Amino acid sequence: MVDLSVTLAGVKLKNPIIPASGTFGYGREYAELYDLNVLGSFSFKGTTEEPRFGNLQPRIAEAPAGMLNAVGLQNPGIDAVIDQEVPHMATLFHGPLIANVGGFSLREYEDNCRKLNDCAPVGILEVNISCPNVHAGGQNFGSDARSAAQVTRAVRAVTDKPVFIKLSPNVGDIGAIARACEEAGANGICLINTVLAMRIDLDRRRPLLANRTGGLSGPAIFPIAVRMVWDVYEAVKIPIIGCGGVASAEDAAELMMAGAAAVEVGAANLRDPYTCKKIIEALPALCSRLGVNKISELTGGAHT
Amino acid sequence: MVDLSVTLAGVKLKNPIIPASGTFGYGREYAELYDLNVLGSFSFKGTTEEPRFGNLQPRIAEAPAGMLNAVGLQNPGIDAVIDQEVPHMATLFHGPLIANVGGFSLREYEDNCRKLNDCAPVGILEVNISCPNVHAGGQNFGSDARSAAQVTRAVRAVTDKPVFIKLSPNVGDIGAIARACEEAGANGICLINTVLAMRIDLDRRRPLLANRTGGLSGPAIFPIAVRMVWDVYEAVKIPIIGCGGVASAEDAAELMMAGAAAVEVGAANLRDPYTCKKIIEALPALCSRLGVNKISELTGGAHT
Amino acid sequence: MKESCFTLEKIRTLTEDTCELILRGDTSAITRPGQFVNLALPEKFLRRPISVCDWWEDTLVLLIRAVGEGSRCLTQSRPGTVFNVLSGLGNGFATSSAGARPVLVGGGVGAAPLYGLARRMAQVGTAPTVALGFRRAVDALYIREFEALGCRVMTATEDGSLGTRGFVTDSMAEACWDYAYVCGPTPMLRAVCDLPWLTDGQYSFEARMGCGFGACMGCSISTVHGSRRVCKDGPIFTREEIVW
Amino acid sequence: MKESCFTLEKIRTLTEDTCELILRGDTSAITRPGQFVNLALPEKFLRRPISVCDWWEDTLVLLIRAVGEGSRCLTQSRPGTVFNVLSGLGNGFATSSAGARPVLVGGGVGAAPLYGLARRMAQVGTAPTVALGFRRAVDALYIREFEALGCRVMTATEDGSLGTRGFVTDSMAEACWDYAYVCGPTPMLRAVCDLPWLTDGQYSFEARMGCGFGACMGCSISTVHGSRRVCKDGPIFTREEIVW
């Protein structure tokens, strides 16, 4: 019997597979297909203070081995999420949930995390810092070490729950940003978010997405995610949730060997809604092939 | 009759399609398959001062919709390139060649460009700044605006030929780096080089490439290239050679609408050695469909 | 929703760019005309949403117009090809809410879901009137199939090469219907919606989809009830819900 | 080198993971045994290099061992499948340089290019002796095919379930050959190269390839003459060129 359990900053998950925020809604649609309790956890759709409609249509574009999205953090706002969605999610999934938190100012991140602190079903706060800072000309919080650390410090101060900072890959030195988050008190790092990209509609001669740019996700970005998880593993001691292009158990193991303690699966769920379930079912045989009894032994296994 | 010609900083090419450096050698192998004179130009393998064997095996890995390479600038050194390869290339291709120049110090870039300045068949110097600076702890010249500008200034001073700086995509703000190069005297920008990536061999529990990391290229990076060309087009006035994942005439047109005056084709040549020829043959019909008589009208066409 | 494999049994060319595909597989998740299926293609990451044209027992009928690489690949498939399909997606048409004199209005391949609807209406009562718009006569499709159900079919073509010259709305001058089921390109939906005498009906919408089953918010549009997902809350929206 | 399409005509299972593929297409670019072809797969970006096992007129024979997704997909292909192939790649074996008593040494699927070589040697003179190494008896392949050419075949298996127990070099105790043609996994090449009495021969190398036709420098290895491309200058290197 292979032990699939992993521990993320003290939070124990029955296995390392976690649907990534924005690709699993609040679990409802998938719960019609399979029992969500097979999952390690799930990271629900990014929450902001106010309800957000998100960007105009079109919001989705095709890419080689992947897709672009510019959904724009559509969600009903933190109060509705806490009052309606979290209690419902708790009926679908009985383990610790991961709350993905957005924000357009330090104050908003703080307020959102403070409110989520009282939500018992939420085990981990995953703070998405790929949001533009309205007080700094719209530059992303995740684009430099200083502002990443600021967000970390702000949310760290208002919650007892473990805080994982979810990094943007659109930076030069991801290790430096992860280190700044660790020094500012982060309990873990999640990476990568989507890669900034664009498609153009040749006939309309305009960017295809109404938002012009979108985030690239799916298998196309997998080798980028492996490299960045590797870099962050070399840079910090706190646990890493790896994410980006995972579509199979082998991919999950590869991200773990690069340094991930657990693995999020995003776009692959959209193409095949059973992806996470299939990966989890394939993990024991893969661990045997790779000669480990505890899957957690894979973490960082390719570093020497 | 559609006019396919484009002009890059005064250098006229009969069409915008250019095989990318490192994927076309010195043209020999492709010249056995088709007459290279159908090409707009070609950018030959990156040249360094000393002969380089490059990295250890393995140097190549598979990726979804792409590949990783860690060839490591294998080349016979600038003197052998100028004495043997350039004269031979001039027999295969009668238009202006693009010389891709590497370097591990400002002095090396300068010396290489000074030597190439006397090479008549070379029309454009394409300076690859994704090389580590041995005098600055191995940080890439292309990773910040200041060192990118330094290289630009150094090479600009030693040659009369147009200088295109080839940017690394592994940065936060590509527009800022392009602007710094423009201000330092660059005549054009080429982008993108490969995206830093990694694959791990699960059975060996080691990075697959001997060099650990490699550069991701091929269709997977196309939407990233479109976005970065778009950003640089907004940031500078000098012409742009777009590159990254192009595999079809439609892809080339998309990069041109994003802002490219000409387009390089890299990894796609390795899978299908006839790619450039096929793209060039498909361009007239595509231009007609898109309603342009001169392909150069596509450049920047999606910006408003 | 159900994930299962469908095998292409027969493919028939309807016009220069449109084919009818007859597939064999498990159709049990399909409950209403106007629903759609989402087909996975080996070379494409995103699935392709296609309306159910008709279905029975283990048979699924789709009409596909080649507009890009994915749909072209579908129209060029050979019998025997197996597709991974998510079936039974979307709300579908609610036939119970129709008025006494319904009309089905289709533009181009938008005729597809109306056929399944018309067949079911004909089965339980009278065959509805159908108004179909095409660019040219050579683009016309499924007219005989609707007629075989007993439907009166009115056609319009932009160049007048078949039926009324103009848009599908121009073929509907009688104005004697009180309810419309509409599917076609957005400008057509809007033109039908703007007919002053046709105040009630159900409209099928399109949007680029990430998942097709409600999870990603990729397809959200504004309605009078706020944001709604075309894939899950739609693709059918009633006239009073629509915000243009 | 030639780019063309080959159609899979027949596929035959040789062992639990290895198949023989008979393909039909234009073999005119293939000039020597030991050359390879590079097959494009729709789902993979890089082509897969495979040695020519044998060829004649419009027929190409390949032996493929499933080791990963690409090769598994090849061994599971159905007759009728069409592959885009770059054929006639690499230098191939030079038969003129052989000594008086040559031996062909293969490990596993490395037997493939030796078969085409043996057939040609048998045609113009005497059938050579062949030494083949496998893991177990069930992994053995092509022994009968070599014997049918008139070759004497010596086998070794790691577990002793067929022939000599041990490595292929253990089956060669006679030490009565003066020239070797060798193809197999790198440790095997090295073991043969280290045989003190076998100082001459040609060795087939493998490397991960970007292009397979000499353009990308992805496959370069060090030789006594400096850097050489496995795909273009090789895959066959003479013993004196090799640097381990």
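Letters are used for the chains, namely A, B, C and D, taken in the order the chains are written, and counting of residues starts over at 1 for each.
The criterion applied here is as follows: a contact is a pair of C-beta atoms (placed from the backbone, for glycine too) under 8 Å apart; a residue touches a chain by one contact, two chains touch by 3 or more.
Fair warning: this is a prediction, and the values are worked out from it, not measured in the lab.
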| item | value |
| --- | --- |
| Set of chains adjacent to subunit B and to subunit C | A, D |
| Between subunit C and subunit D, centroid-to-centroid distance (C-alpha), Å | 55 |
| Distance between the centres, which are taken as Cα means, of subunit C and subunit A, whole angstrom | 36 |
| Geometric centre distance via CA averages, subunit D-subunit A, whole Å | 46 |
| Centroid spacing, where centroids are CA-atom means, of subunit A and subunit B in whole angstrom | 34 |
| Junction residues of subunit B, two or more chains touched | 61, 63-66, 218-219 |
| Graph class of chain-chain contacts, one of line, ring, star, complete, other | ring |
| Contacting chain pairs - touch in the sense defined above | A-B, A-C, B-D, C-D |
| Complex contact set, residues of subunit B against subunit A | 61, 63-66, 68, 143-144, 170-173, 195-200, 202-203, 205-207, 212-213, 216, 218-224, 226-227, 230, 245, 250, 253-254, 257-258, 290, 301-302, 304 |
| Touching residues on subunit A, where the partner in the complex is subunit C | 22-25, 28-30, 32-33, 45, 53-54, 57-67, 69, 71, 74, 218-219, 267, 269-274 |
| In the complex, subunit D residues that touch subunit B | 1, 3, 40, 44-47, 70, 84, 86, 207-211, 213-222, 226-227, 232 |
| Residues on subunit C engaged by subunit D in the complex (per definition of touch) | 42-43 |
